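The letters A, B, C, D, E and F name the chains in turn, as written, and every chain counts its residues from 1.
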Amino acid sequence: MLRSLAQLSRRVEFAAAHRYRRPDWSDERNRAVFGPCANPNFHGHDYTCTVTVRGAIDDTTGMIVDLGALDRILDDEITSRFDHRNINLDVPEFADGRLVPTGENIARFIFERVEPRLPAGVELVRVDLAEDDTLSATVEAR
Amino acid sequence: MLRSLAQLSRRVEFAAAHRYRRPDWSDERNRAVFGPCANPNFHGHDYTCTVTVRGAIDDTTGMIVDLGALDRILDDEITSRFDHRNINLDVPEFADGRLVPTGENIARFIFERVEPRLPAGVELVRVDLAEDDTLSATVEAR
Amino acid sequence: MLRSLAQLSRRVEFAAAHRYRRPDWSDERNRAVFGPCANPNFHGHDYTCTVTVRGAIDDTTGMIVDLGALDRILDDEITSRFDHRNINLDVPEFADGRLVPTGENIARFIFERVEPRLPAGVELVRVDLAEDDTLSATVEAR
Amino acid sequence: MLRSLAQLSRRVEFAAAHRYRRPDWSDERNRAVFGPCANPNFHGHDYTCTVTVRGAIDDTTGMIVDLGALDRILDDEITSRFDHRNINLDVPEFADGRLVPTGENIARFIFERVEPRLPAGVELVRVDLAEDDTLSATVEAR
Amino acid sequence: MLRSLAQLSRRVEFAAAHRYRRPDWSDERNRAVFGPCANPNFHGHDYTCTVTVRGAIDDTTGMIVDLGALDRILDDEITSRFDHRNINLDVPEFADGRLVPTGENIARFIFERVEPRLPAGVELVRVDLAEDDTLSATVEAR
Amino acid sequence: MLRSLAQLSRRVEFAAAHRYRRPDWSDERNRAVFGPCANPNFHGHDYTCTVTVRGAIDDTTGMIVDLGALDRILDDEITSRFDHRNINLDVPEFADGRLVPTGENIARFIFERVEPRLPAGVELVRVDLAEDDTLSATVEAR
């Protein structure tokens, strides 16, 4: 059979608090750049994160990746890091203003942690991170 | 025309942070009762709030309520109070542990604030507050 | 078995154009009351109509109503009347300004046409008509 | 505070196979009554089951029920019975043609199993069982 | 940090009426080619338009584009042109049969208007225009 | 007009039963590899299949493909083969353990059947097959 490559997209959800705020900026500048996302006391979202991988369809199992193994990676790298957390305070890489927890930065962060853990022959294509139905960020393999 | 009563449901969304935590309880007891919702640094949700009102269909306009007026009430009492806020810190009625910001308490709070502002002849039937696709609280008129 | 009553909800969709406009009012008054819904050249929606019926669960079939028969009623009374139509021009009961095509009036219209066609022993509980994800009208049995 | 009753709705999902088929009927009669749902080799759905309970809001916790306890009941009575199962073959109460696995019958079955397990003071209001976006069955408390 | 490119997708909605109809064709030919979309009195949809842009993640803000600026462009070029309008009558570029208001043509029209307004360094990747849950058109950068 | 290529995505749904099971493996090995998807008595899903094609926008009709013709292809190759079927038993290419009915294999199967039936000038870009909201497989043109 000729067309043996396929992609698999798996979605996980997590509820987290965040704010967009650079500690080295004044309140005024934070509000001017980030709008209501700079409100000092945090707000939150039900984030939806969709991870897409690509690989050859195994002739025996019909799968490109062991779904249980993929789920464990997503659980370790996404759910257990972010769910019911405050990203600015509880996720060390974002703490103390190191990284503003925008969708773009969170998607890149997840991309960089999931990619090295995938089994041989499975490629990370894309990480989509949606804050809500109207806004999402995507980081793709280059 | 005989059947002149109808209901109208309007949905608004807001992103907010919260935690379930009683300041008069130990960390252990908070965690035992509230689970991960007690994580001290807050988490958040994209809340969906659906407000349902009932009234007679006006023969001239075909409406039971002026939608612009209803939207202003929902904006004042829901969006402007909760959107991009930390419910435990920014909403005075929930601050300092006065009310645990569960779905039940938020729905009741919204019910009590929206109801007295509705125009004459329009009755508040129900407030639904969903944290995500799997959990929602409802307060109905009695 | 004791609890033999159940409800069944069936959803159909239709795409239609409409405007809110009373021919006996001035343009100014139409716009003041109906806002952008009074734009003279029509706009439109993907309407979602959910019809809920109630009846006894038949011990033999496990059903409260023949779904094929219900679907034919909904097709006749909803889809074939409204789908790909202009409600103000193509649906006689709404034409010439007789009824403003609000959600309330459309839901009531559908309720009144579906109810007499249901088989004996099946009761119409409710018609919900949603214009979009944020606004819906409901007419219930009294 | 006066209005202390609230409802909580919790949704679970399960993937299951079924067919509508009475073993005491001919193939022809099964097909005439049940249509494509009588296909002998089973088909399936991603069912969505929403359980709604009612109770007094606890002044201390802000909750009407311990959500962890409710989730364990739903896991026992719904997910573990139905998820990744064939309802006609794997769920004893539906096996051997005892009950046709219609939405009505499954909703009633779940209602009858969840209700006696709820803690004192918590009432089961309603079980909704949706096969897909267009069809759902509901059993309510009487 | 190596992977600095990301995409951002923003969704807006608008309700509009349209018909598919070439004034230089007979009624019969319009109906043969366009089916019920040729109904003369217009029908309508709740359109969903998703605009995807790509750029480098700014190290300071964590963003690839000022979301407020992007929203103003989408409001000017999409919402204010199409929402509560009749595309065949109210949008000059589609009026008098110049362009049939198919999803393909509307998506291309939006692509061509949004692209030149994006700030330097931000690239338009894609415009998706969905009529409903089952049909969408996409125009991508070449 | 310069940008004349566009894509069109059309979604169909079907309800089907399946299991993941190789007849040449022991029960233990099937369960170890496929988890609960190997349950012998089948389970099922409401599958969503989205087919994306690309072509030049016709200047006269504004379309890249005759939607009625596309729908007939999707009905023949997807709905009529899979809806209300047991994929392991009723779809010959998957029967007797020839192909494990994973999302990857079903998406590839649909890709290979739809592609040769498209009219000249219309290219198949992608077939997405979702089992539910959290898992989908994609096969793209190479």
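One rule holds in what follows: a contact is a pair of C-beta atoms (placed from the backbone, for glycine too) under 8 Å apart; a residue touches a chain by one contact, two chains touch by 3 or more.
From a predicted model like this one, the values you see are computed outputs, not experimental measurements.
Shared contact partners of subunit A and subunit D are B, F. Fitting subunit B to subunit D on C-alpha positions gives a rotation angle of 120 degrees, to the nearest 5.
The most distant chain from subunit F, with centres taken as the mean of CA atoms, is B.
Using the mean of the Cα atoms as each chain's centre, the chain most removed from subunit D is E.
Centres computed as Cα averages put subunit C at a distance of 34 Å from subunit F.
Rounded to whole angstrom units, the spacing between the C-alpha centres of subunit B and subunit C is 27.
Shown for subunit D are the residues that touch two or more other chains, of which there are none. Going by the touch rule set out above, the chain pairs that meet are A-B, A-E, A-F, B-C, B-D, C-D, C-E, D-F, E-F. Note for the complex: subunit B touches subunit C at residues 1, 3, 5-12, 52, 57, 60-64, 66-68. In the complex of the two chains, the subunit B residues touching subunit D come out as 20, 22, 33-35, 99-105, 107-108, 111-112, 133-140, 142.
Per the touch definition, subunit E reaches subunit C in the complex via residues 13, 15-18, 36-37, 39, 41-46, 83-86, 89-90, 131-132.
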